[in-house]
Amino acid sequence: MFMHNKRLQYTVRVSEPNPKLACMLLEQFGGADGELAAAMRYFTQGLAEEDPGRKDMLLDIATEELSHLEVIGSIVTMLNKGARAQLTEQQSSEAELYQMIGASGTSAKEAILFGGGPGLIDSAGVPWTANYIDSRGEPTVDLRSNIAAESRAKIVYERLIGITDDPGIKEALGFLMTREVAHQKSFEKALYAIEDNFPPGKLPGVEAYANMYVNASQGEGDMRGPWNSGDQWETVDDLNQVLPADPGGDGTASVGLGPSDAGALQMMTARLKSDPDADPMTGADLGAGPGAGRTSKGDQGGASDIHSASRRADSLTPAE
Amino acid sequence: MFMHNKRLQYTVRVSEPNPKLACMLLEQFGGADGELAAAMRYFTQGLAEEDPGRKDMLLDIATEELSHLEVIGSIVTMLNKGARAQLTEQQSSEAELYQMIGASGTSAKEAILFGGGPGLIDSAGVPWTANYIDSRGEPTVDLRSNIAAESRAKIVYERLIGITDDPGIKEALGFLMTREVAHQKSFEKALYAIEDNFPPGKLPGVEAYANMYVNASQGEGDMRGPWNSGDQWETVDDLNQVLPADPGGDGTASVGLGPSDAGALQMMTARLKSDPDADPMTGADLGAGPGAGRTSKGDQGGASDIHSASRRADSLTPAE
Amino acid sequence: MFMHNKRLQYTVRVSEPNPKLACMLLEQFGGADGELAAAMRYFTQGLAEEDPGRKDMLLDIATEELSHLEVIGSIVTMLNKGARAQLTEQQSSEAELYQMIGASGTSAKEAILFGGGPGLIDSAGVPWTANYIDSRGEPTVDLRSNIAAESRAKIVYERLIGITDDPGIKEALGFLMTREVAHQKSFEKALYAIEDNFPPGKLPGVEAYANMYVNASQGEGDMRGPWNSGDQWETVDDLNQVLPADPGGDGTASVGLGPSDAGALQMMTARLKSDPDADPMTGADLGAGPGAGRTSKGDQGGASDIHSASRRADSLTPAE
Amino acid sequence: MFMHNKRLQYTVRVSEPNPKLACMLLEQFGGADGELAAAMRYFTQGLAEEDPGRKDMLLDIATEELSHLEVIGSIVTMLNKGARAQLTEQQSSEAELYQMIGASGTSAKEAILFGGGPGLIDSAGVPWTANYIDSRGEPTVDLRSNIAAESRAKIVYERLIGITDDPGIKEALGFLMTREVAHQKSFEKALYAIEDNFPPGKLPGVEAYANMYVNASQGEGDMRGPWNSGDQWETVDDLNQVLPADPGGDGTASVGLGPSDAGALQMMTARLKSDPDADPMTGADLGAGPGAGRTSKGDQGGASDIHSASRRADSLTPAE
Amino acid sequence: MFMHNKRLQYTVRVSEPNPKLACMLLEQFGGADGELAAAMRYFTQGLAEEDPGRKDMLLDIATEELSHLEVIGSIVTMLNKGARAQLTEQQSSEAELYQMIGASGTSAKEAILFGGGPGLIDSAGVPWTANYIDSRGEPTVDLRSNIAAESRAKIVYERLIGITDDPGIKEALGFLMTREVAHQKSFEKALYAIEDNFPPGKLPGVEAYANMYVNASQGEGDMRGPWNSGDQWETVDDLNQVLPADPGGDGTASVGLGPSDAGALQMMTARLKSDPDADPMTGADLGAGPGAGRTSKGDQGGASDIHSASRRADSLTPAE
Amino acid sequence: MFMHNKRLQYTVRVSEPNPKLACMLLEQFGGADGELAAAMRYFTQGLAEEDPGRKDMLLDIATEELSHLEVIGSIVTMLNKGARAQLTEQQSSEAELYQMIGASGTSAKEAILFGGGPGLIDSAGVPWTANYIDSRGEPTVDLRSNIAAESRAKIVYERLIGITDDPGIKEALGFLMTREVAHQKSFEKALYAIEDNFPPGKLPGVEAYANMYVNASQGEGDMRGPWNSGDQWETVDDLNQVLPADPGGDGTASVGLGPSDAGALQMMTARLKSDPDADPMTGADLGAGPGAGRTSKGDQGGASDIHSASRRADSLTPAE
């Protein structure tokens, strides 16, 4: 059960309204790594958690993230307060309001659709979605996702701190950013308090593939590091070889079809077969116009054509 | 630059078609932790990575994930091959086709919309979205996200292995699952090959908040563990106290408004003020019908009403 | 600031696991009219509300909705608990697990992706989105949206109560449903405690159009009622007449273009003009195959063809 | 069956092109409260409505909203006409076109992706989604949603009127805004023409909870008003008490598990238990770098650190 | 199986950073007609294709599109490189960074969320979705979709070429644009190499409707062209006539209901019937305030009211 | 301006209710290739079209598609009518209703959320989105997209016809399917009535790349056909060669950075460099548990392990 106190967890003092900055800060209100995502990630995990210690921790942090949602939403509200009142009461001229709210598509949406209240959208105006939540119902997985999520939230706050010089906002963002660091530490502790947490889940991997590194990107820039070299790793450089543990494998895909399926498949294939020897006239041929062959092989233009062509009408007549 | 060889990275042998199982496997084709998400996560990171070693690793693994996308997509294709041909050629009766493809909304969508080709949807038919990708352009963050993503992919494969007894599918899924374990190990190595990777980013936290644990969920079930106790932690149990590092803080939000904004705000507030002493007639009062007071205070029903009420028409006349 | 107590607002007693029913109940966890939508609708309004009475009410109800989210999520968790453990520990055979979780695409997603933890998805597996929130930053609008939202939530709970006979679930849903009724009443009171709340907003309408009813759907079934007849209404039945208040209006759209724009427009129009007298050969003509005219005018088939055609291969040769 | 006349319902006279204003107006074309949402809300309700009077009304208004979609789309088209022709024919320099279409991400998308034709996107470029439609197939609910939707559309038009001084646009928007007011009145009449419309649906609420007000947000700012005080209401201030109508309730969640489920659950819990007494080394500890303890307890920095730190490289070496 | 070479398919030389232009170019990275959509459209088709020739072609082109994704992503990365480093290292003042990244909501999201790495979003910041892929598992359909998709990609590149004068970018975009033209030609050849490709699919149409043109939009502007006139077409101008091939049709919808369904329907209809003769008081009546009738019929304002009203407070008192 | 007649364009006679079939048919109501997508595709094109002939055609067909939306929506409504009334009036037992609506996640959503009214969702319950509309504001592009869209709609109707044996539904679907064929023919005529329509748009391609075919997928299965062989084509088989028209190209990406940007970049790179010679302990090492090396190189398991392991608890102790 939740309770609320109208006092914020951290005091918010904004120097002056700034609807455009408000929209940037929405990244942490309704954005991918914002506070709602954090709160809901831990809350849904907490509901299903069986371990009493982790359950308590998840609900502690989920609840605190809701308080952070309130802090960041309050900053956004303060930054929008002037424009909101002006637009609502239409006390400025149309031209002034147009300037005030038109800094970006997001600021227009914030003012016109949300009336300056904090919308659960990100800095580009995209609505929050539960796709941002990656809880998977397995603690050795979810705790790693939580660690990563806190890292992401931390860096987004860091960037926001870098773009504003309002001291009150900077302080509040600093508080929020630091709490993410603390939460990351808690989740790290909880992960390693599970004795055997790697690989995550219950099933061991297939040994033959667990230490294989596939050098799939080659050419200049091929590098070595602890992620692909050393005793632990067996590197596959020749991609054309059949993997040792795929005995008899030929890299094809097959399925056992019954006679009815096989018959239908044969019928479909016959009906839709392409004729490799055809040289059919096509819709593009029909459409290339009387000057034809505009892009035909005989035309020996070059890359530089594009520059002049894009500006000269005559270049549009085909293949002079 | 990418190149392709029509040979799969791992051979796929499916025993027999099964469109419903195909839809479950779509979770790893077009789902949140599927192979497209993996490939695009590492590919977009690789494009912007400045460190040559990590760039190579990211492109190696991104490329391999594309090959995995092909493997899982090939399994899906095999499982759908019979139903696809039957539906296309309409060689079964309507009733048979209705059964064959109607196991779930997803299998209907797979057959009717995608014609049995692998759609970039998840096991519920929801289309893939780039919201699944959480690259943030900072290696100390992204590597943690990659570690978590590999964990998630691992557990999803583990679950899929648990629901099928087709040995060919089980083997291929085992291969794919294990590769996620190997990739996780590579990303772990790459993270710790950055000397100073915690906290992520450049900005240190505000010291006063970095070791504070907020006990926001209380009551029975309050627990201790390494995530909130021990030398490292200062726990806040009394949520009503002002945080020590919020000097002079009173938990309010404020903004400095100029006279024009303040005037408009005052006008808005006056126009929209609520009257606390009113007892207005409302639309609900109008709509409660002649029997009125159906839910009014005088009615002394109880929780048990709902059971009988939901089945008896006469219970719909108000609570007499 | 939020606080949490691990005690639920309403006790949850589930008779036995049922993952399929769990998915139906997700409609009120991560669905359009579910508890998260309710909580976030009122919370975002509360943050920006200037009237202290309404602000308090919005935060009261937002907070209670979070507690409801916890109740419904707990029911879902209980219903999934058995399947979750079985799948995680793989203590049932593959065939049993396949049956257990494969009732629908949603139940597969719930088990495979979310591991049986409550996902913020609806009964079809579609993730929650902030598009469900329609707060507009104007109390005379938002309170009407809140009234409607509570109505919607009420009817969804009513339907869910109708499909389950587990008494513990039925009771908890009855509690949640009734709270929506109570919230609707509070929002009604708050709306009518604003003296002048219709039309919403500040701008009066244009009088000439405010009582006009456009009879845009005609033919059999044209009806009268208080929504289009009586003293208040002026009905427009002849849609071809110019509206009285559109003086000189001719129903066209125009814009004043400068010479540069006008020139470019003329050039574009000339380049792309269609020839009304052409009878061009088309791609469809090319593609209709040697039997040609398969759908050409001369073919005098009829609606009944489709039934036989769909089952007979020979009907596929064109126009027998 | 629909028919169309190329004459608009209201004449559109735009003074001069303005692609940025066009994007703001898209809010009512492809936005959440725009005309497509309105048309589809009433159209889908009308299809399923059994009452002939309401069915006619819903189809009347749905059809008129389609005509409004055409009006607002025509304004957008006019505002874009110049930029569209310029970009298509590339009659301006690159720099001029870059300025012309680059006012916001939305205006870039409108020009580059949609070629200046009206896209079904909102003012931030987010595509329209049927999530905006909240029809629920129950008239006492849907009519309330329609009333709210018309209110929302009205206020959005009001705001758009406030930001433009083009008299032709202002007039057309005034017409559209006023029609929303008229539609709201029709829906109100239709709601109250159903004798017993509250609570919506068929099931009465559980009496014990229908007049309860939960004071979930407390502390300074706790207020009274007709929504929570007066004879009708019973207010719960002490959240820790068990609700009277939850007899024997203890606020826990439980489910009856069979032996197989219980066994699997026990196995899962044992495997994943956390050790409350551990003080494990974690990944964060590994990653904190040689300067270690950068955020450790001993560091006695303060909130002010963040300001200097964010600008000074040396502050990045830990707080020593 | 995919392989990668770190050399790009086309060399990228960007003159100078420009984060705003980067965002416009995202249209072809993570936008609707961008390279990921192209690659995945052909790749998913290729997986399910049975014809070996088309399968090879689809995989050839899918793979090349991945290489194009890399080229356009590399341009975006180069354009962002300066801002990325500045923001990461916070080497510019807050005000400078605010300007640098705040050109639009998209550029803010690109910098703050993605850290300047290329996000899979479009020019408005909307994330890529598999809804952009329209593969349908039928070659005579999919090849037409591919032809159209290449056309769309071509025109988007053309527009992007028109807005930048950086010669290196212009050249690379010219290369990418031209490759779309070449791909379109390949798909045209493949379509017409299927002997009988129109109508797509297997089922012939119902002859009576295949050449009918319904003149559903009438009034001034009714035109003739090869799409609706000539020997092939039978035009229906009188929309009120029953279609010849709908014998006995009366334009109604009906369903056979059993007695139980019919009974429930009758009960529902009775409960929810509207009273056509009512003139109920409504919530709008309650809410219109003491000045009442603000929009009532007696008020004889006109369209011009809106202009003055929107700026004068006194105009808000009703209908002076 | 739109008008409506309550008569359907085609009479709908449904034999009996079938909520599950209703959900499959939703594919053409609220699905990707459904009638709303068609109507909106042509309507938005029509609004911006300058050529009067094409404008008329687009509005004719857009309007007819709205009438088709009504027909398919009416079928869905009829199929749901019984379940809707039963659920609304709760005239069946809970168990019966649970069965009736629980066939899939979609049918549950259709009943519980939409109350049996037709929702704008597809057969999997995914809401309609304007992402399905690919209008680009250029007739030579849009007409190709329209041709493709009609092809897609045709094949989806064909599949739906194949799964139902209700003669009334089959007839109505046959009508709708055939109209798509007729529309495709109209769009083909309109495309080729533009004299010069290929390549689409204004800019010619760069000649050197317009006839190049890149053989990017190689190995067994490499095929020839008119799409890559013949006089028109120059095939690139050696992917490692620099393209002839990329003179001096080396396949790298570069940007000119000013000194400030370059300095920040250097600082960032130094701070985040990875140490290729490190062999750091990682979080995975910490987490691998006391049995360690569970997936370490020394373990010589094989692919077959996975089968037994997944069922035996003892296999979970590492590498016995």
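Think of it as A, B, C, D, E and F in the order they're written, each chain with its own count starting at 1.
Everything that follows uses one rule, which is that a residue touches a chain if its C-beta (ideal position, glycine included) is under 8 Å from a C-beta of that chain, and two chains touch if they have at least 3 such contacts.
What you see is a predicted model, and the numbers here were worked out from it, not measured in a lab.
J.: Using just the Cα atoms, superpose chain B onto chain D and tell me the rotation angle to the nearest 5°.
T.: Angle of the fitting rotation, chain B to chain D: 180 degrees.
J.: Could the interface between the copies chain A and chain D be described as same, meaning over half of its residue numbers are common to both, or is it different?
T.: The interface of chain A with chain D is built from mostly unshared positions.
J.: Write down the chain pair in A-B, A-D or A-C that repeats the interface of B-F; the criterion is over half of the contact pairs matching by residue number.
T.: A-D
J.: What is the distance in Å between the mean C-alpha positions of chain D and chain F?
T.: Distance between chain centres, rounded to whole Å: 25 Å.
J.: Find the geometric centre of each of chain C and chain F from their Cα atoms only, then give the gap between the two centres in Å, rounded to an integer.
T.: 20
J.: Give the residues of chain A touching no fewer than two other chains, as numbers and ranges.
T.: Within chain A, residues 1-9, 32-33, 53-56, 59-60, 62-64, 67, 74, 77, 84, 88-90, 103-106, 113, 115, 121, 124-127, 129, 131, 136, 138, 140, 147, 155-156, 161-162, 174-175, 178, 181, 184-185, 189-195, 198-199, 202-203, 205-206, 208, 210-211, 216-217, 221-226, 232, 239, 245-246, 251, 265, 267-268, 271, 274-276, 278, 280-284, 286, 295, 303, 306, 310 contact more than one other chain.
J.: With touch defined as at the start, can you tell me which chain C residues reach chain B in the complex?
T.: 1-7, 50-51, 53-54, 87, 90, 93-95, 97-98, 101-106, 108-109, 111-113, 115, 121, 124-127, 139-140, 147, 161-162, 167, 170-171, 174-175, 178, 181, 184-185, 188-196, 202, 310-311
J.: Within their complex, state which residues of chain B touch chain A.
T.: 5-17, 32-33, 52-57, 59-64, 67, 74-75, 77-79, 81-82, 84-86, 88-89, 91-92, 129, 131-132, 134, 136, 138, 140-141, 144-145, 147-149, 151-152, 154-156, 158, 161, 174-175, 177-179, 181-182, 184-187, 189-190, 192-193, 198-203, 205-206, 208-217, 221-228, 232, 239-240, 243, 245-246, 248-258, 260-261, 263-265, 267-268, 271
J.: Which stretch or stretches of chain C touch chain E in the complex?
T.: Listed in rising order, the residues are 140, 191-192, 194-199, 202-208, 210-211, 223-226, 230-232, 234, 245-247, 274-280, 283-284, 286-291, 294-297, 299-303, 305-306, 309-310, 315-316, 318-319.
J.: Given the complex with chain E, which residues does chain B contribute to the contact?
T.: Its residues touching chain E are 1-9, 30, 36, 40, 43-45, 47-48, 55-56, 59-60, 62-64, 66-67, 69-70, 73-74, 77, 80, 84, 88-90, 113-121, 127-131, 133, 135-138, 202-203, 267, 280-283, 286, 313.
J.: Which residues, counting only chain F, touch chain B once they are in their complex?
T.: Residues in contact with chain B: 20-21, 23-24, 27, 31-33, 90, 103-107, 122-126, 155-156, 159-160, 162-165, 216-222, 239, 251, 265, 268-269, 271-276, 278-285, 295, 303, 306-307, 310.
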